[in-house]
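Since the structure comes first, as C-alpha cells, the remarks are kept for the end.
Chain nomenclature is as follows: A, B, C, D and E, assigned in order of appearance, with residue numbering initiated at 1 for each chain independently.
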C-alpha cells in the first residue's frame, strides 16, 4: 500500500456518539498533523472512519471490516468496555493493533491492545486517598451506573476502604441503570446518608448522560461541595460543557489531564484542536490526551520499527516515552498500560477544572488490580520471556490467551 | 412421518415463489462458501471471511424478520418485543459457548466464567447448570423463548389484549428484560454480556471452516423455516390466521378459539426467533442486553415493512436489504448514514405501500395495463 | 434572593472606611495573594481572630470564588456581573475598576476545605448581623461543633434577641450544648433534651444519637425517647418527600406523554418521532438562551412559545409531507415516523454537534423551598409539576371547547364521512398533529431544566410516553394524567426498597399484568364500537 | 334442611372431577337435548349499559325446528338478545339454555358456535381480505382445534357443499373475488352462505334482506322456509312483507321485553304493536 | 341540478361506472334502483367526492363539482346519508350532529332535526355507536340535515328500519321536498317505498343508467328486466 491506514472505530451515532465523536475528530486531527510532518516511513497516513453506531456487535463487525477489507495498520477506537470486549476477539484473531483511550476497569491485557486511559489505580485510588487525607472524609457513597467499570471500581474501592478501616455501615453503594434521569430519591438518600455527622463524600462512577440530571439534582437539592463533595471519574470538560456548572463549583474529578493545566504542550494542543474544529470554545479532555499520547507513541514505534507490522510495532511500543500534555512524560509499560500522573480538580463555574492536588510522580497503570481476590496474583508482561497478558505468579500459568 | 411428508408436499402449489427462492438462497450460500474455502484469497472471486460472517448475520436477521412477519403480517399481532425472544435464544447459546471456555478464561477458573470471577461469585448459579451440554443449551434456546411466549401470549390473548395495547405490552416485556439483563446481579454478565467465545462443539470459532459451516447451517435452517412456515400458512390454519387478523370477533363466532391460534402462532414465531438468536451469537461473537432494546425490536418490524408485510419472502428480503444498507452506509458515509436510512424508511412507506415485494406487483400490474392498453389500441 | 441579601450587606459595609482597618489585618489580607492553598487555613484563622464584620464581604467573595487580586499591585477585587458584563470592583470601595479585565487579575484560590472553614467563619461573624435570617442561619451553622466559647457567646446574645425564630434556634443550640455537657445538672440536661425532642435539625439528631450512648442511663433513655419522637416526624416528612418525588416524576411523564396522547391517542399515528419533538423543544430553549444570554431568568417565557412553534411547525410539516399520505395505514406511520426520528436526530447532531448543550436554570427556578430541616421541595420540580397540570388543563379545554377537538375525533373515527360533513380534514390533521408536536416541544422546555439536552433526549422518553398513553387508555387524556402519576408514584415508592433498576422492572411487570385485567387501559373507551 | 341438602350436594359436586376441573369435561359434549321439543330457553334476562336497560326481564322459548320471527322497534333489544345468546354480551341476570343441558351463559363465543348456533350479523361482517370461497371454507362445520385445522384438507364432499352454497347465494362468479370488494347486498348473501355451510342447529339471522331487491327478498324467504324444520331459525326483520311471507309465530319485543307473541294476524291486529311498531299504514295494507 | 357526463370510475383494475350519464331534476325526488352490486353506492360516493372518478364530469348547477374536494361539496350544498350509516361511533349523538354546524355557520343544532326525529333528543348524550341500527339511521339523516343541503343523497335509508319509522322517513323526505324544495336522490330497493316517495326513477345496470323516467312510468317490464334476479 502507498498509504498507512489508520482505522477509526468510534460511534458517531447512537447513545455513545456524544463522547466518541470527539475522539474521532482527535484522531483525524492527529493524522492531519502527522501528514503535515511528512507522514510516516515516507508514506502518507490515511484515516478510515466507520460508524459502529453504539451497537456492540456492530463494533466487532466494523473491526473486522477495518482489518480485512480496509486492511488498516492500526485502529484507534472504542469507548465503552463492552465495545472493547466485543472487538477484542476479532483484533486478536486477525492480529490487529488497537489503541484504547478511555479510563476503564482494568482486568485485561491483550497483546493487540494498548490501553492509554487510566486504570483504576490511576484514578480511583488516588482520588479516595485525596478525599480521605485532605478532606477527612469518613463516610463514603459509591454511586455508579450498573455496568462493569463501576462494579469493578467499586469492588476495588470497597476492598481498599475496608483495608483502611472504614466500617461497613459507612459505605453506601448504589447502582442505577444507564441513562437514569430521575435522581430525586437517590440524591435525597445521599443527603440523608451524609447527615450523620461524619464527613461524607460521593465517589461517582455514573456514566455518560446520567451525569447531567444527577448534578442538576445535586444543585437543586442544595448539596454543595463543602457538605458532600462528589468526585467523579467519568465527568470531564466535555460533559461539563452540557451543564450550568455554577451550582457545582467545588465538586471534584480525578483524571490524568485537565484542559486548565498550564503547559506549553497543552496550550499548543488546545489551539490546534480549536483551530481544527473551527470552534474557539471547544474543550479538550482526558480521553483526548490519551488518544494524543497513544497516537504519538504509535508513530514513534512505527518509525523505530521501520514497519507497520503489528508484531514489530507491538514490541517497539513497550518502553516508548512521549511527553504528555501536563508537563511530564508518559511511558508505555510492559503490561500495555501507561505510566501517567494523576490530577484531582475542582469544578469551576466556567466549566473547567482547577487542579487542587496532583501525584508527585507518575503512577504506572495496573492491568490487574491488587485489591480483587481473583486478580491479586495476576500480572501482565508482554516482553520476553513471559509474553503473557495474565500470568499467575502463584501457579506460574498463563491462561486465556487468544493470540 | 409419511403423513407429515404427504402434508408437506401437498402444499407446494401455494407460494409459487418460495421454492425458487429457497433454491436461490441455498445456491448462493453454497457458491459463497465454496468461494471462501476453495478459492485463494488473491482470486477476484474469493469471498472474504468478513463477507461470510456478514452474510451469516444477515440470514439470522432474516429468520428473525420471518418470525415477526408470521405473527404481524399474517396474524395481525404487532410485536414490538420480538428482540427479546431472539436475545433469549442468543443467551442460551452464549451460555453454552461461555461454558465451553472452561478453564481457559483469563482467571483460569475451572467452571466460573470470567465476569463471575471478578465480581466474586463463588459458585455457578443454578440456571447456568447443564448449559455446558450443547443439546441442553439448544433445548433451552428453543424452550425459554417458547415458554415465555406461551405464558405471555396465554395471559394476553386470553384476556383479549389486542392492538396497540398488545404491542406496547410486548415492548414493556422486552424493556423489562433489558433492564433485568443489564443488572450484574442477574448473572448474565450485565452490560458486557457474554463474549470472548472460543469454540463450539470443539470446533474453533475463529476458523474459516467453522464460520462457513455456521453460515451454511443458518441458510439451511432459514430455508427450512421458510418452507414449513409457508406450508403452515397455506393450510387452513393460515386462512384462520388471516381471518383472525382481519376480524377476530367474527372468527370466534364461527367456532374458532382464536386465542389458542394466536398463542400457538406466537410461540412458533418466538421459537424461530430464539433459533435465529442462537445462530446469531456464535457468528457475531457477543450477546449482550442491547439485543433486548425496544428500538431493536422496532427495527425488526421495520425490516418486515420495508420488505413487504404479509409475504414471507418479503420479510427476508427486507431484513437483508436494510442490514446491507446499514453496513454500506455506515462505512461510506459514517457521518450522515442516518439521513440515508431514515429517508429510505420514509420513501419506502410513501411510495411502496406494500414494501419492496409490492414493487414487483406494482411493476407487473403496470406492465399488464400497458399491454392491455396496447392490445385495445 | 441571595443576590439581594448580598447587595444589602455590601451597602452596609460600604460606609466603613478602609483606613479604620488595623494594619495587621491589611498585612494578612495581602498575604492572601501569596500563600499556597495548603497554608491558607492558618491565614484564615488569623484573619478571623483579627477581624470583625468588616471582613465579611471578603470572606463571602472568597467563598463564592469571586475574590481576585490585581496582578499589578496585588490589591483585592471582587468579580461581579453588572448588566451581564463581568467587571471587577474593589472589595471595600465597591467601585468598579473599568481598567481591569480578566488578564489583569488573578484568582485567590479556594478549595472545599477552605470553603468549609469560611462558612464557619462567616457564621460566627454573622451572629450579630442585622438580618434575622442571617443570624438564624449563623446559629444553625454553628450547631455542628459547639464549644464553650460559642456557648457563652450565644448565652450572652440570647436575652437581646428579639426575633422569635432566631430565639428558637439559639435555644436549640444552647440546649444541645447543655444536654451534652456532663457538668450540667441532670435535670437541666433532661430539660434540654426535652426541648430538643421538638427539633428536626440534623445536628440535633446526631447529638442525640451520641447522647443515647451516654454513660448516664437516665440521659441515654431520655435521648432515646426524644430520638423516637423526632424520628416519627422525620418519617412522616419522608413520606411527604417521597410523594412529592412521585408526583414530580409523574409530572415529567405526563409532560412527555401528553403530546403523544394527541398524536397517537387521538389521531392514531404511531408517532415514533414524538421524542424528537421533545428534543426540538429542548434545543429551542438552548437557542433562546444563546440569543438572550443576559436575560436567562426571562428566557423561559420566550422559550415556551418558541418551542411550541418550532416543534408545532415541524409537526405540521411532517404531517403535510408524510403522515397525510398514510391515512388508513396506521401501522405504516410507525415506519415513516421512525425514519423521521432518525433524520431529526442526525440533523441536530449535524447542526449542534453530538455533545450535550448547556441550558441554564433561571435563578427563580433553582434551589429549593425549605419547609423544615428534613423537608424541602426543589423549586424546579415544583414549577414543572404546576406547569404540567397547567398544560394538561389547557389541552383538555382546547379539545373539549373548540371545534378542533370534535373534528379531530370525527376524522379519526371516520375520515370520509367527516369530509362529507364538510370537515376540512387536511387542516384538522395538520393542526392536531401540530398541536401534539407543539405540546411535546413545551415538554422539551421543561425537560431541558432537568436533564441532558442532546440528540438522544427524545429516545429516552419515547418508550415511557407510549407506556403512559397505553396504560391510561388510548384516546383518553385523563387516563394519561392518572397513568403518569400512578407510574411516577409507584416508581418512587418502590425505589427505596428495591433500587432504581428493580423498581423500573417491577413497574413494567405491573403494567403488563394490569393490562391483562383491563385490556384497554385504565380508562377504556366504552360502547359497542370499541369492541 | 334445605341448607344441609345444598351443602351435601356441593360436597358431592367436588368429587365430580369435571365440575371441579372444567377442562376435564368432554369438549364436544353430548347432543342438544330437545326431549321437551324446546331448543332455546331464555329466562329473565336483564342487561343494561351504563344504566340503560337494553333487556328487561326477557323471556323467550323457541321450539325445535321452528321458524320464529322476531320483530320490534329499533332499539328494542333484538340484536342485544342475539349477542347474549351467542356469548358476545354477558347479561346482568337471567339464564339462557340451549336444549335442556347447555347453559350458554357459561360458554364463550367459540363454544357456542361449536354447539351449533350460527349467526348472521346485522351489519354484514365477512373476512374482507379473503376470497368468497375461503370465507365459506372457514365456516365449514369441521373440527376447529388448532392442530386439526393445520392438517385438515377439503374433502370432495365439502367442496361440493361449498359449490352448492355458492350457487344458492349467487356468488359463483365471484368465488375467487376478495370478499371486501363485494357490494353491500352481496356481502349479505355471503354471510348467509357462511351460515349455510356451517350447518347449524339454530340460526340467528339479523336482518337478512336489508338492501335486497324484492326478488332477492323472495328468494331469501324461500331459503329460510326450506331450512326450518330440520333446523331452528330465528329471524329479525323489519320488512313486514317478508315477515308475513315466512312467519308462523312472531314475537314482538319492546323496550327489552316481549310485548306480544302470536301468529302474524294476531300481531298485526295488536293495538300495542301497531302503536309502537307497525304504524297505521301497515294495517291498511 | 346535478348532472353527470360520461363518468367512469375504477376500483383498482375493475371498472364500475361506464361512461355514465345522469341528470337530476331540481326539486324532485329521484329514485335510483338496480340490483345489488350494479354501482349505485359507487355512483353516490362519486357525486359526494369520496371516490375519485377516472373521467367525465359532474356538475352542480352548471358548476364543475368533480374538481372540488368532498368537504367543498358539503359546503356547496350536498348532504349525504351513506349506506351503512357511518355514524361516528365514539361521538355522542349531539356531537355527531354538531359536526356539520360550521358549514352553515350555526351555533346550535336546528330544532327541525329534533322535530323530525324525536328519538335523537332522548338519546342526545349517548354514543352514536351504541344506538340501534334504526336509531343510527335517523341520526344519519338528521346529521345530513344539519348541513341544510340543497341536494340530499340517501343511500338505502330504510335498511333495517321499523315500519312506522320507514313511513316517517318517507314523510320527512316528502315534507322536506315539498316545503323546502329540497332535491333528493334516493337509492331504494323496495318498490313500495320508491313508488310512494319517488317522483323520478333511474334504473342502473352494470355501471350505466339504463332507464330514466317519471315514477308513474315504472312498469313491470322494466322491473322484470332490471330488478328481478
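By our rule, a contact is a pair of C-beta atoms (placed from the backbone, for glycine too) under 8 Å apart; a residue touches a chain by one contact, two chains touch by 3 or more.
Chains and their UniProt names: B = Amino acid/amide ABC transporter membrane protein 2 (HAAT family); C = Amino acid/amide ABC transporter membrane protein 1 (HAAT family); D = Urea transport system ATP-binding protein; E = Amino acid/amide ABC transporter ATP-binding protein 2 (HAAT family).
Just so it is clear, the structure is predicted and the values come from calculations on it, not from any experiment.
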> Could you give the fewest steps needed to travel from chain A to chain D through chains in contact?
Replying inline: 2
>> Going by C-alpha centres, which chain would you call the most central?
In response: B
> Which chain maximises the distance between its CA centroid and that of chain B?
Replying inline: E
>> Measuring centre to centre with CA averages, how many angstrom lie between chain A and chain E?
In response: 75
>> From the mean C-alpha coordinate of chain D to that of chain E, what's the distance rounded to whole Å?
In response: 32
> Where the centres are mean C-alpha positions, what is the separation of chain B from chain C, in Å?
Replying inline: 45
>> Can you list every residue of chain D that touches 2 or more other chains, as numbers and ranges?
In response: 88
>> Among all residues of chain C, which ones touch two or more of the remaining chains?
In response: 345-346, 459, 501, 504, 526, 531
>> By the touch rule stated above, which residues of chain B touch at least two different other chains?
In response: 179, 182-183, 249, 335, 338
> Which bits of chain C are touching chain A when the two form their complex?
Replying inline: 37, 65, 109, 111-113, 115-116, 119, 144, 202-203, 205-206, 209-210, 241-242, 245, 248-249, 252, 345-346, 349, 353-361, 366-368, 376, 378-381, 449-456, 459-460, 491-492, 495-496, 499-501, 504
> Along chain B, where are the residues that touch chain D in the complex?
Replying inline: 7, 10, 232, 235-237, 239-240, 242-243, 245-247, 249-258, 260-261, 264
>> Taking the touch rule as given, give the residues of chain D at its contact with chain B in the complex, in rising order.
In response: 86, 88, 108-110, 113-114, 118-119, 121, 125-130, 134, 137-139, 144-146, 149-153, 194, 198
> In their shared complex, at which residues does chain C touch chain E?
Replying inline: 403, 406-407, 409-410, 413-414, 416-425, 475, 525-530
> Which chain E residues qualify as touching chain C in the complex?
Replying inline: 48-50, 69-71, 73-75, 80, 82, 86, 88-91, 95, 98-103, 127, 129-130, 143, 147
